[in-house]
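What follows is a group of structures, each given as structure tokens.
What follows is chain A paired twice: with chain B in the first complex and chain C in the second.
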Partner chain A sequence: MIAPVVIGVLIFFMIPTFWSIYLSFTDGPDYVTYELVGLQNYIDMLSPDSEVWRELLNTCYYAFVQVALSLVVSVLLANALNANIRCRGLFRVIYFLPSVTMAAAVGMVWRQLLNSQYGIVNQFLGLFGIKGPVWLTDPNFMMLGVIIVGVWSSAGYNMIILLAGLKNISKSYYEAAEIDGAGSFQKFKSVTVPLLSPVLFFVTITSVMNGFKMFDLIYTLAGSGATVDKFMQYYRTMVYGIYEKGFLYHRLGAASAESVFLLVIILILTLIQFKLQDKWVHYE
Partner chain B sequence: MKKLLVLVLALMMALGSTAFAAVELEFNYWSSEQEDGINAVIDAFNASQDEIHVTATIVPWDQFWEKLSVGLPAGSAPDVFTINALNVVDYAKNGYLLDISDLFESGAVDLSKFPQSAIDTHTIDGKLWAVPKDYDNIAVFYNKSMFDAAGIEYPTNDWTWDEFIEIAKQLTDADNNVYGVALAPKGQQLVYDYIAGNGGQLFDEEGNCVVNSPENVEALTKIAEAFLSGDVTPSVEALVEIDANTRFQSGMVAMTFDGSWYTAEYVECWGDDLGIVALPVMKEHKTTSHSLGWAASATTEHPEEVKTFLTYLGSQEAGELLSTVVIPAYEGTDTMWSDNYTAYGADVFTLAAAEDWTVPLPAASHNAAEVFDTFDNYMSEICSSGEVESNLAALQDEINALIAE
Partner chain C sequence: MSEIKLTQRKERARFPVGRVILYALLIFWAVFMIMPFVWMFLTSLKTRPESMRIPIQWIPAEAQWQNYAEVLNKYDFGRYYFNTIVVTVITILYQIITCSMAAYVFARLEFPAKNFIFMACMTVLMVPTQMIIIPRFLIVMKLGWLNTFAGIIIPNLPSIYGAFFLRQNFMSIPRELDEAAMIDGCGYFGIYWKILLPLVKNGLIAFGVLSTLWCWNEMLWPLIVTSRADMYVLSIAVSSMQGQQGNNLPLQMTAGVLAMFPMLIVFLIGQKNLLDGIALSGIKA
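So, the complex of A and B:
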């Protein structure tokens, strides 16, 4: 019965994973001719002046800030849309829409929205007398722009999962808390968050993984103009670096080594999160 | 009734079997905007004989090179495909391209009918690896209505760089975000042209990068000055937000340096307000000319049929059919293309080829795509910082390291 799943996982996940581990020990001029070079790709990648450190920094910046913001926003949204408000279904759909929009379209539209002179983001900031930054080329704000778009496009999806979690919290807990005189913040802190923590844990783990695999928004937001190093160095995440090496410059060995590195990082982070869950995740 | 059915079936089988007897060739290209012209060529070839049937498929640019890079060494590549200057080098050196030199030696494809820069583009280690398909080069597109409004005369082909800068300044209204020109800090559309136009080189005869020369420092200093003066072109940063192409099409700049491949698009946008003129001269007229070629896979199962097809692609008839969509390389058919746009001055592109103003797009002898991108990386740096010499020295080292790899 499980054969189709096993075969699917084998063909699309396990074999490619081990194949790219093998490829990370090779080097060659194209995709088919290559020879074993031992650890050379790893030595190059991990040398102090390697580009990978900058990419790792960008990736961490994006992943941690985006995940933190996205979690806060989606918990608040889920709470708001769990309450009995009018047009609840409509709002849920609206907030979920970004998750089903193609990243390519999201990037194109946000490039316009973030334009420093004509974009509505800066016009909105202007209403409050704030002179908005040049989101797409100012080194201090480039990744922040990507993070904003990332939060915008991922919050809805997290919200739906959290909503399902909220639905599972029995009303009797809230009633009991009310009898004990708890206010709405107290209820949120002492009932909602602990009982939601297994779902939050799931959302955190998948969000961190997705954050570390960031590629599509960078690819589309950078557009055609920003792909020169002068700007790309502030955007380039590890997966973007892998894409550049592997598919633009045909350095399959170096690209594979970097993806193994990324795999190890995500693995370690996930292990740490599993260790930490005893401290805050509350299973009923 | 049954008899009729049998007869029809038999006829169909007969027809079917003759169709199957034809050798099937697969042809891939990426330029979807040339679809009409390329289909016309393929249809005409298929109709001209019944031994070979070619099927053309458009593969988008991003996947095109991925597909070839896997397919060529593995032997699963299409039989015939279009190729550019940046990829022909490594493919030819690795032995992935079909040796078609006998076509040129026997005169089946008459090389005297093709421009030298197109031939040079696809000549690697003394051998020509592709039948030249088309050529392009760079010129200045300008918006006549903006010149009229400012009371400035339209430029002519003999204008100099200094005159150009002067005109651009007069057309600039930086407060309203209107500039005289949008220069893209890139090799092909700007820097290669003036490296050659100022008597410099990117690569020497042995293929070593020699970009750090006094001539090139001089040319790039002038270019960087244009960027840093603030009243000629939008800055490098501003061009990332809104690129030169968009600025020209929306009337935010009066001029832009661009390739002949944009002619149809700009004509559609500006109609009679569009003018095209040669690049302003620094020391001598030079313009970067790139050329695509028709190449074949070394592992094709039908080399003879492929050569027959390539011979047709190198014919005058194929050039004529292509002239609706691109400047064909075949002598005399290029002006058929520019005749469509003479009113706008597009004959400057064919004039540049005829007058020998063209230099082939410089392609490194190894890792060409990465060298091309590295060059553009440094141009953004130079045009925004104005530090020419240190950047050219670093660029030269980096490119030479990539070539030597």
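So, the complex of A and C:
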């Protein structure tokens, strides 16, 4: 009964993982012929003028800022919804809508919404007398645009999980805090945050992981190939780099080396987060 | 009961300003969430000049429903619907059956190497699929599966996430049920199929909806294994429409609406189970 999953995992997850590591030590002109070249791919990749650093920077910028913003927003929303609110179910559904939407379509729509001339984002900012930036070609704002879209699409998902966490906190803690004379903010700080921390930790880990794997959104936000290299460098993430090297330039070895690099980064990050959790996560 | 309602009302009355801010915040965010969808749908009904007006013209003078006919017929979205439905239906049926069986085994049965297999699967869960697309592509290429349904579907069939997600559901059912059934002469498969599966129905629906969404929306893998237009799935079709018709907003948005509409329906039907299931995934983790 367990065989279909285990055999599938073996063939399509485990073997490819080791194969990926092996491929990262090879190089070849096409998909069929390749030979071992030792550490050459890694040396190229990690050389100071390699574009992987740009990709790493973009990926980290996206993952950390987007996750931080999304967490703040979703904690706020979850708290608001946990109050005694009318139409809570309706809000839940609306907030979750972006999460069920195809990232390819999301990127496509937002590319138009962020358009500096006729996009509604800048027209909205114009109402307040703010001249909106050129989101799609100003290097200072390009990744910020992606982050806004990222928050738009992920906050609802996180909010659902956090809301369930909040519901799980027994009312008696709040009552006890009230008797001790705690105000709203103090209750939030001393009761909500510690008791919610395991759920927050879970949401943080999965969000950071998803941030590092981002591809669809930038691919279509960059216009599915419409953005020229000069600007693309401000969008490209590591997964985009892997895709480009492997499937546009047919350089499997280099792409695999970057895959391994991505895996190592994700593992290190996860490890750090687990180490840090002792400092702030309280399990009952 | 009436006492509870009374205190609720008191609470509501006590912080009118706070409540106004609260609702303002909630409604602001809801508008922010919905606005792109509204714009997308309205734009899909505009003519090209209308779609580029400054300041924005929200409502088209006359709804251009023929945009939908054009995208479906001329741009072959009928074919892409068919492809995407085939891929999604096969994937979720396979995943619901195999993942629930594996989940049952992990939750209930004891056998040598069980923990080893479990830990191995846990470790694999850490590896992002984006990292292993290259060897997967080579496997599919060697098997001659490029541009086939097999190539799009099969590598994504095994789902460890599904097995773990459903395992939680199985573990929440008391073991006494199994034992009682076993005394009545039920085998392991019988217990799984007749007794437990109906009891984890909500979890199955939640996972089914989640898996449908992922499968329908997936882009990177189909992008890699399909190069022939007649094998595109909707996500690729949308993105290629964007590449070719970069300036034709109504057509792009029509394609987008067509691609996401079925998932809105699936979500609205399954939302209760899905949202509850996702909520639990955080608490039990």
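As a working rule, the second predicted complex is superposed on the first by the 274 of 284 C-alpha atoms of A that agree within 3 Å, B and C clash if a C-alpha of one lies under 4 Å from a C-alpha of the other, contacts with A are read in each partner's own complex, and residues count from 1 in each chain.
The rule we apply is simple: contacts are C-beta pairs under 8 Å (C-beta built on N, C-alpha and C of every residue); 3 or more make two chains touch, one makes a residue touch a chain.
What you see is a predicted model, and the numbers here were worked out from it, not measured in a lab.
Student: A:Phe231 in the overlay: touching chain B, chain C, both, or neither? Say first, second, both or neither.
Tutor: first
Student: Using the touch definition from the top, say if A:Ser170 reaches chain B (first), chain C (second), both or neither.
Tutor: After superposition on chain A, A:Ser170 lies in contact with neither partner.
Student: Identify the partner contact of A:Ile2: answer first if only chain B is touched, second if only chain C is, both if each is, neither if none is.
Tutor: After superposition on chain A, A:Ile2 lies in contact with chain C alone.
Student: Once the shared chain is lined up, is A:Tyr31 touching chain B (first), chain C (second), both, or neither of them?
Tutor: both
Student: For A:Phe247, select first, second, both or neither according to whether it touches chain B, chain C, the two together, or no partner.
Tutor: both
Student: Using the superposition on chain A described above, determine whether A:Gln186 touches chain B (first), chain C (second), both, or neither.
Tutor: After superposing on A, A:Gln186 lies clear of both chain B and chain C.
Student: Based on the superposed arrangement, let me know which partner A:Ser47 touches: chain B (first), chain C (second), both, or neither?
Tutor: neither
Student: Does the superposition put A:Leu162 against chain B (first), chain C (second), both, or neither?
Tutor: In the superposition, A:Leu162 contacts chain C only.
Student: Who wins on chain A residues touched, chain B or chain C?
Tutor: C
Student: Which residues would you name on chain A as touching chain B in one complex and chain C in the other?
Tutor: 31, 117, 223-226, 247
Student: In the complex, go through chain B and note every residue touching chain A.
Tutor: So the residues of chain B in touch with chain A come to 62, 66, 69-70, 72-74, 90, 94, 177, 185, 236-243, 367, 369-370, 373, 376-377, 379-381, 384.
Student: Would you tell me which residues of chain A are touching chain B in their complex?
Tutor: 29-33, 115-117, 134, 136-137, 223-231, 247-250
Student: What part of chain A is in contact with chain C in the complex they form?
Tutor: Interface residues on chain A, with respect to chain C: 1-2, 4-9, 11-17, 19-20, 23, 31, 73, 76-77, 80-81, 83-85, 91-98, 100-106, 108-113, 117-118, 120, 123, 152, 155-157, 160-165, 168, 198-199, 202-203, 209, 212-213, 215-216, 219-220, 223-226, 239, 242-243, 246-247, 252, 255-256, 259-260, 262-263, 266-267, 270.
Student: State the interface residues of chain C toward chain A in the complex, per the touch definition above.
Tutor: Counting only chain C, the residues touching chain A are 8, 11-12, 22-23, 25-26, 29-30, 32-37, 39-40, 43, 52-56, 94, 98-99, 101-102, 104-106, 117, 120-121, 124, 126-139, 141, 154-160, 163, 188-189, 192, 213, 216-217, 219-220, 223-224, 234-236, 238-240, 242-243, 246, 249, 252-253, 256, 259-260, 263-264, 266-268, 271, 275, 278-283, 285.
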